[in-house]
Every structure is written in C-alpha cells, then in structure tokens.
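Input: a single structure, listed below in structure tokens.
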C-alpha cells in the first residue's frame, strides 16, 4: 500500500465530530489523512465520508496521553504509509475537558485535564516532529510542515473555577511557543490558535440560535489552519485568534 | 465614471513600494483600489502596473495626519466612485518612522512618529468606517468589510531608544482593539497585524542575503490580509503575527 | 535657599486631589516634594498641608504637554533647590481624560487625550531624567532614583468607545517599557502601574458605597509606589497592578 | 502547645536555601512559620536559625505533589497549632526543575517538572485555602490572607528547549489567575511573582560576579512578598516582576 501513499500525510489528533472533522476534511483535499480519536466509532463516519468523497483517510483509536500507546499507533501508520513517510501537517485538537467548578469542590480528577492535554500535546509532538523534520528536506515539498495546537481564551487568562482547564490551555500554549522557537529555524511551522467562542456543532445548535453567525464555523477554523499551512517559511503566523463578530472579549 | 465602478472598493493608506504595493495588487484582483501615499510619484508606477494588468487603481497623494486634508481626499474618491460608494477593505499601512536613538538625544520630533501614526490611524478610521458600515447592509456583499492595521513587534514591547516608535505602535494597537470591539458587533472586521522581521524589498536586499527566506515576503503579508478579509463574521481573526522562520522573538 | 534643600527631591506631575495628593504626602515624608498641576488653586491646600505637617512642598502650576513651559518650570525648581539638584523620585500621574463615546461621534478633541498624556509623559521624562541620572552617582543615595507612570487597565486592552483613552494609556506604557530598558542599566528604576478600579476620592464616594473596600485606596497606591522606590537595583519591579478584591478583570 | 501558638501562621512550600529561606525569615518576624521541603536536612539549619533569633519555626519534610502525603502534613500542622488554626500567608516557592534540552532528546521525565509543579501548586492551594478563608472572618486579622506563587519569565514566554519548564510555569500562572479571581472576592489575596534573573545564592556566587547587583537579592523577593501581604483588600497587587537593573528582557 505504501507505494500509492508515498506522498506526505497529515495527522489530526482529536478528530472527533465538530472542529476535528472539519480539519480532517480540509486537509484531506491535499493529503492522505490519519485521524486519531479515543474511539473507533467516533472516527468511522468521518473516515467513510472522506474516502467516499475521493480522499484517503484512515482512523486509528489512540490514547495520546500514553506515550507507549502512541508509539504503537505510529507503527501502524508506518505499516500503512511506509517507514519513510513524512508528515506535512500535524494538528493537535484534543479537547481539554471543560469544567467550571469551585476550586475546593474539585475532585482528584482536577488535574486530569491538565495531564491529559499537556501530556498528550507533548507525546504527540515528540512522535510526529521527527517525521516533519524529514519532510523539510524533501525537494518536492509544497508547503513547510505545519503543526497547529488548538487553544482557547483560557490559554490567555485564568478565571474563577477554571483552574484546571486554564492550566492545561496555558501549558499547551507554552509548548507551542517553545516548539515554534526550537523547530522554526529547522523549517517547521508551529502555531497556536486561540479559539474564543462557541463552535457551531450539532451539540451547540440551541445556543444563541436567534443570533445569526454567533458561533464559530468549524469549517472556517479548518480554512484558517489550512491557510497557515500554505504560508512559506519567510512568513509564518505563530498565533492568531478566531471569534464571532459579536463575542465580547 | 461611477456607473462602471459601482462595486465596493478597497482603500490602502501607505501604498508606497514594498508592503503597501503588494497589498494593493492583491486587493486589486477583487476590487477597484484607491491608493493613498504622501507623493504622487511614489504612487504612479503602482497605479499604472495595476491598470495595465487589468485591475482598476487610482492613486491620490494624501496626508492622513490632517483630518481636513483627508476629507478632501474622500470627496475626490466620491467623485470617482459615486457618493453611495462602499468600502470593502481599508488597510492602514502607514509606516511609523523607525528611529532608535538615546531618549535624551531625541529632538522635538520625538513625538512626530506618534502623532503622525496615531492621528493618521484615527483620521483614516473615521473617514472610512461610515463607508464600511454602509457595506454591511449590502445584500451582495461577498465578505464582511475589513480594516487591517499594520503593526510591529514594537506594538507589544518597548525597547531602549525605541520610545517614540513603540508609543506609536502601541497606540495603533489600542485603536485597533477598541474599534474591533465597537464595530465588530456591527459586522466590520477589524484586525491588527504584528509584522516582526525585515520585509524583503529593494531597499533591504543586502540584509541577510545569505540566509534564504530570512525576510518577510510582502506578497505574503498581502495574502494573509486577503485571507482575513475572506473570513465570515462567525470567524474573525483580530490579531496575528508574521515572522520569518529564523527570527528570534 | 539651596543649602537647606540640598538633598534629593521628588517631583509629582499630576498632583491634584486624590492619588496625586496621596503620593505627594507619602514622598514628602522622605524628600522635599515639587508638585505640578494645571492650576495653582488645586495645589495650594496640598502644599499647605504638607508644610504644616513638617514636610517641605512647593507647588508650581505647569503644563507638561508643552516642552517650553516645562523647561521654565524646571528653571523655577532649580532656583529653589540649586542648579545641582538631583531627583530621587519622579511620578507621572497626569490623568488622561476618560471618555467613552461612539468612535464616529468623537470630535476633533478625540486625540487630545493621547497627545496630552503621551506628549506630557515624554516631556516630563526628558526634563527629569538628567536630574535622576545625576542622582545615581551620589554616594549618599539611599534608594535608586525611581520614575513611575500611573497607568490603567486601558493600558492593556482597548474597549468599545475607549479609543482615545486606550491609545494614550498604551502609549505611556510603551514609553515606560522603553525607558526602563534604556535607563535601568544606568541605575534608574522605571515602572508602570496598572491601576484597575475606581479610586476612593471625594468625587467617587457615592460609587459602590454599600460594598466595603470596593474602591482603591489612594494612600495604598502611594504606599506601593513608595515601596517600589525602596527596592535596590538588584531587584526592580517594572510593572504591577492594583485592584480591589472584588473587581472582576 | 496550641495555646501559645494560637495566632495565624504562615506556610512556605519550597523552603530550601535561597529564596525560600529568605521568605521564611521575613514572615517569621510576624508569624509562626511552617516550612515544607523535600528533605528534613535542608530545613534544619533554617528552622534552628529562626528559632534562635526569637521566631517560631517548624520544618516538615513534605511531598506537595502527593495529595495524600500533603494531607498528613496538614494533620501534623494541626497537631502543633490546633485544629482551629488559620493561615495568614501561604507561599508556593517550589522550584520547577530547570532544564534546557532539545525537545526530541528529552526523556520520559520531560513532563515531570510540569506535573510536580502544577500538581504541587494545586495540592498546596487546596490544602491551605480553607485555612485562609477561615482567617478572613477573624476580627483581629491584621492583613488579608495572602497566597503567592513564585513564577519566572518562562511563565510568560516559551523558549527553545524550554518546553517542560515553560509548561509548568505557564500552568502555575493560570492557577494563580484563576484562584485570584475566585478567592479574591472572598477576601483572599492571590498573586503571581515573575522572578526574572539569577538569584544571588551560594550556588550562583560565581555568576556575573564582576557586575555589582546583577543578581536578584532573595531578601528583596521576601520583602516584596511581605509588602504584598500588607496590602489591604481595597488595593491588591496580583502580578509583578522582579529583575536586576541590568537584565535585558
């Protein structure tokens, strides 16, 4: 199978419904996409949809918070695409569990979000960056390899009851900035997205339904990620926000 | 002439060679463009080039720091495009004079940069925002009207000897944030660009000439501005940076 | 008169009632203080109060936005304290005129706040920094000479209708950062205070009067400025906020 | 023993030599202090010194990263000071392990710093905040209970090879901001200190030894923490930096 798939691939971690699915479909227009999520069942419809539309997608249930498990996942990917595969785009879109609760009521799980997100972002980066560096030396590379972390306003500002969520989002931003400064000079484009607002998905359809366009369009998150990917290395964007016109911030 | 030009226009203040010219050419692919700069002579080759390439450009020498003079300029534009013209994109790209000098040696002109840039940004915004608001109610509008301010790293951080330049860049960022929060809910997209690095122009061609892609490509500043313009109001970017991969920051 | 007053002095610009008066009284415990404000009448009670309490204060009506006028003020100060006077503390506490108004309704005075504050901060810095540098070489100097700019939340974030105020506050912050980085290595301590909340003064006494301690105590602004002044050059604070416990931000 | 010690106490986590010791000595002038560190041996000289100088200190070896272990520590403290003890000041000064290493070379321990610091900060906050809230209702309380987190420049900005350290420092800042906004309205003062520079300790004495005052004086970190503690609830500082005059930033 490797022969037909020898061009660079995109990997999306957190490819569930909503933003992850939009990103997957957008990058699938240009690359074979590998989609990672907790459960196979959440991946199946997306993978089928992309393949039916003429794209090439595979879905692998994966636990990015577990470095060992993620290594097995990488091996599966190599079996599919060859051990010399390169990664052109890697998107870390794993959701931190959002909870707003009085700090003193928070349970032992308080730090789970931090650890899952920060550990996941770190494991994912470590697994894919070598395959991205390999891409930088490819003559036929169209766009610099690009790694994007989906963040939130809570990456910029803590809030009452938001401790764990904010800690995880701040930490991912710290990682993004550190990787941008380390791998940028090697030709890898690393960026952090501040997604500030409710995303329009099936789950949120009742929210602000009387205000047109009040929710972020996940397809436009995907378009913006894609646009960043097309930037040449002379002109990298490392951070940007996305908010609906009517959001106050 | 108004009849042939009745579609929305783009206005670029600070349309000199370099970034301004790239922005002008990019937006001219979609709109008639009005180019403002200090001197007619700096505008002529750009205007001719755009018109020869099938675009529609007019250049008007203008002093944006003078509200009265800018009003006359607006009248000239109305004569060309009709008094019901709308503005789809307005780019404030007027350069602050960059000087790095010991603060105590700085002359009476120290604050000129501040006043020119801040006053210019404010005058320009006041002149064009009514024409942008008018655009928001147009049925055939393809993209929300977009105003972008070209900023710099000195918009984020002062530096030794940089007082006047940093003051002007901070002030423009303050204006951009304030306008984004006031006019966003009315459907106008306002954004601030942190351009951090040397821009590749004729003047800078000797700079870092042995490091490939070490200077920002002005055409990619223009592409990024254009991309922001295409974002729907559900998904506005209000601030982003652009830096070469090898820039330290 | 110089002989009796040969020790370093403190200068407070914007020494009206409220914060300015508190700062003046605090620094008068250690230094002769020169108080600048628009009108003599607003200075008189403060000057008398300090002198009656055993301090040494003089009040000079001054327009800091006018460099020439400020030079005359400096000459008056030299006549009082000798031409070899040194300045141990310089506080820029000139209020920006706070107005919240729709941007398009704002009059020609829109930029007055910007120009008054930014120009004033710049003129004031230029006038007093040479006298502060002179202080750094004095053997008997107890604390490094300290310059503090009173800022606001609007120095960090623009807001709807806040354009002019935010521009002025951003610009002063830019100046403070630039001077800190230029004059810090010469031994001058430059800092920016983010004062976020209503200040408890005669004028604001009706505001939140049912919430105890909901307004910032101007004497504690003064205490905090004084504390910064006592920091040795090994351990300078360059920025800090002050907010009531119940402020949301 | 409780009877003699019934006044509010201060707890310092990370009370090793250097900053922690300075903070301990400063707060011991006003309160009995409980000092936590990994090993008893690093606590002993400090505890003895404070007790010899007329203060009251106890040292308890504690692992703040382990919630269960920290609970036992709290029980020990209650045995000493009574189960109705209140905490007037709680300082989280646990060092993140600083390492600068290529990201891809980092070992499985990469995230240890994150987890130790973030988990430690969270556990510590959860253990002491109830005892601080109890203090807010005490009539005789001199100063609002104060919790301060020692941070670093890496709390504001990532860097090449700094991923883990920056992640931990960003996360602690997120926690500090979240707690400040949640517990501030209840009268607890929560602040984050950006300590930017080398701290003058026995270990760093060779560093920049020819530049006078080029290292931060740990006693002035302590003085600044103490000053914050004295601020009334009308006038809380939530973030400040400390840097030597000659530091570039």
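Letters A, B, C and D name the chains as they come in the text, with residue numbers starting at 1 for each one.
What we mean here is this: contacts are C-beta pairs under 8 Å (C-beta built on N, C-alpha and C of every residue); 3 or more make two chains touch, one makes a residue touch a chain.
Small disclaimer: the values here were computed from a predicted structure and weren't measured.
Engineer: In terms of touching chains, how many steps apart are subunit A and subunit C, taking the shortest path?
Structural biologist: Step count on the best path from subunit A to subunit C: 2.
Engineer: Quick one: subunit A and subunit D, Cα centre-to-centre, how many Å?
Structural biologist: Going by mean C-alpha positions, subunit A sits 35 Å from subunit D.
Engineer: List the centre-to-centre spacing of subunit B and subunit D in whole Å, with centres computed as mean CA coordinates.
Structural biologist: That pair's centroid distance is 47 Å.
Engineer: Just the number, please: Cα centre separation of subunit A and subunit B in whole Å.
Structural biologist: About 32 Å separates the centre of subunit A from that of subunit B.
Engineer: Please set out, as single numbers or ranges, the residues of subunit C touching at least two other chains.
Structural biologist: Counting only residues that touch two or more other chains, subunit C contributes 181.
Engineer: Considering every pair of chains, which are in touch?
Structural biologist: A-B, A-D, B-C, C-D
Engineer: Going by the contact rule set out above, which residues of subunit D touch subunit C in the complex?
Structural biologist: Within the complex, subunit D contacts subunit C at residues 144, 181, 184-185, 187, 189, 200, 213-217, 220-221, 223-224, 227, 231-249.
Engineer: Hey, which residues of subunit A end up touching subunit D in the complex?
Structural biologist: 67, 102-104, 106, 108, 110-111, 114-115, 118-119, 122, 125-126, 129-130, 154, 157-164, 166-183
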